[in-house]
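One chain, chain A, links the two complexes that follow: it is found with chain B in the first and with chain C in the second.
Let's turn to the complex of A and B:
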């Protein structure tokens, strides 16, 4: 089993080595520390150790809310929808029901373009399980044309080499075919450079 | 559209369903392993006694937490007395149970330790604090080295 006998079995002899430990102001003699047991997969398969296991069934349902629901329905139709505050005239993407600066309800829906500018980006070489990816993925924050400055979304870039991406690059959305769209942010496959090299 | 108009039909709201995959294993540890194997193979209970101060730990511990001395495993009867109990009328989802479950804190005979487990073969109104109880185990071929190998404790009569 690959275990070391640390002498904790009641029948085996006491280990002679005694460590003196200072606890508070008293010196208390302590037994040698137990060496850890390395556990192998076989220990679990052959049940040479006792254990309990469980698969907790954790489910969730995330509701998008009023504004984002309409935004996602817009994506299904191939439109990027935004809300506008009549007081500060901001056009907000992703849309929200309230203007958080004026603290008043937003009062108009507007359609914005499916082009934008890369504000910042990151190149990811690993997947969520930290496994290397064959092709690196480029994620970017894109501010959308037609919306107020610095208003935008986080999405992927495509059809571009990682070393060709720069901040300020103009990009355009590449949509899924209309039949495959399902009202999710993934209805936009990725954003590709607008300029022709 | 003014946002004072609310969406009244919830079906118009987008929602996403998901499941979080989780799996965990909790090993019994050095002394827990001894306890559960003895319970599984021989149906006997193990405690551990400090070689210096004589405190008897149940569940067993590999060292004494009062003076850090070594302990030795001792066999105990598994019988005990009820120190406290609670009658559970609802399941974890809040549905009423057909047969209420009784959980009790049981002081184990011959040890300084206690354990929480189910009581059986007794009606809640007949339970008394201090009542002596003994364990009822699963048949040997069904035991798997878990705390559920003890089905419940029943009164000694």
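Let's turn to the complex of A and C:
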């Protein structure tokens, strides 16, 4: 394991000598297992370095709860629903049954618009496995018209060239056809620029 | 050094499943009740929030980020303890004793019904190299291995463990929040299916959903809020080893954490000084182990005492008058919370039909399979 940059003395010709590693400003004798040589490809091929692979099967079904269930049912109908705090009157998207700032119940429902404003965006070229995406994906935080300022969702943008996106851009939801909606956040396919209409 | 008291408790549940509410919503419900009970405004009065959660029970990583909202902890110091609620209580006590907080909130919840592959989550806690690849049995066989070793070591027969099940399931009949309570006998238990020989199905706590919130306060503040709060006299926690093959199988973790908590609480004769115990009974033999570990009985003598009614609700030291996890259900990291909640309600005289007379009570929890880790909290009024 003789990585010289980690402070190991990896020179195999010194194998029989006491190996010293630096920890802070102290020199401490290294345990015997650090004796050896720089890692080589053959160490992996010959399995002197070993791994055990595992692919655990762990699954969940997340209860959406009172607020998000109603929100998801709304999406199925092509509506974006919000709740209003009984104290500070914030209109909150995604809706919740309580206002986390006032710690008061929020049980008044309002429908907000399916238009909004890009607050921030990113153009992603890489997938979660660090492979290149065929088409870059534009993700954006969108504050929704009718909700309180800075209230909105993180979603995708579409029908727009990456270099045409800007902060402050007005956008509108593009819904899946009603027959294909399933009460998921993906019932909105993406958001497209409002001005090109 | 300052004493620490419990000034508010709130809970939501306990139910076999809760398909109508999200974990945030059940937690909010418990929190509102705890703050109402304490008579405080969380946005103004709470200095720190501690949640006890394990990412793999939750189904999402970095649970810490999800702590604040449903507890009124936005823009406050918060953190997650990846362990049972009683470890969170110990952290709350440290926050207050160290002077970092005057009022600290501790929370734990279970949304066990959201987990579709419970056995595989437990298996995920196995050592991935030399335990996980072996066999394909549901991990409850780990408990069966321990039960087998332990009952053989002590000479306890299966009837003893069946009595634990019957006692706890019957105790639970007086608890309105015990979905798995039942009026059954030890013989019923012995005739139930041996799913993991020698462990029978009825000896295993089923899973449940719920949330519990405690408000802890420094002694002087506690007395302002409530002239007679419940005091936390001692906390303890301990781990053996992660190697299942070299654990003691005699709940040494519980013995050591009890000794730590007893020393802090000034308890030198637990069997005489403790009036009430809520112990981890997620497998029936665990209750017997834990009674011994808490020094409420000598090793090897629990069977006779159980049979004589010593641990019944009318006995010398009532154990699991709430019905225990065998009645209430396995609440995952909130298991210790249900036990502490019962002790607090009993000490306050608010346990309803299951009320017993007690001044000093102990709550004990184990960190479930496949661990040899546990915690103990001593309460008094």
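To be clear about the criterion, the second predicted complex is superposed on the first by the 141 of 197 C-alpha atoms of A that agree within 3 Å, B and C clash if a C-alpha of one lies under 4 Å from a C-alpha of the other, contacts with A are read in each partner's own complex, and residues count from 1 in each chain.
Just so we're on the same page, contacts are C-beta pairs under 8 Å (C-beta built on N, C-alpha and C of every residue); 3 or more make two chains touch, one makes a residue touch a chain.
Just so we're clear, the structure is a prediction, and the values are computed from it rather than from any experiment.
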Pick one for A:107: touches chain B only (first), chain C only (second), both, or neither. first
Could you say whether A:52 touches chain B, chain C, both of them, or neither, answering first, second, both or neither? both
Of the two partner chains, chain B (first) and chain C (second), which one does A:60 touch, if any: first, second, both, or neither? both
Quick check on the superposed pair: does A:97 touch chain B, chain C, both, or neither? Answer first, second, both or neither. both
After superposing on the shared chain, does chain C or chain B touch more chain A residues? B
A:125 in the overlay: touching chain B, chain C, both, or neither? Say first, second, both or neither. neither
Please indicate which partner A:72 is in contact with in the superposed arrangement: first for chain B, second for chain C, both, or neither. first
Would you mind listing the overlap between the chain B footprint and the chain C footprint on chain A? 52, 54, 56-68, 97-98
Residues of chain A touching chain B in their complex? 8-10, 14, 21, 28-31, 34, 37, 39, 44, 47, 49-69, 72-73, 97-98, 105-109, 183-184
Touching chain A in the complex: which residues of chain C? 18-25, 28, 32, 35, 41-43, 56, 59, 68-70, 72, 74, 111, 113-117, 120-121, 123-124, 128-129, 132-133
Chain C contact footprint on chain A (complex, rising order): 52, 54, 56-68, 96-98, 100-103
Considering only the defined contacts, which chain B positions touch chain A in the complex? 1-4, 6-7, 12-20, 22-28, 30-33, 36-37, 40, 48, 62-63, 67-74, 144-146
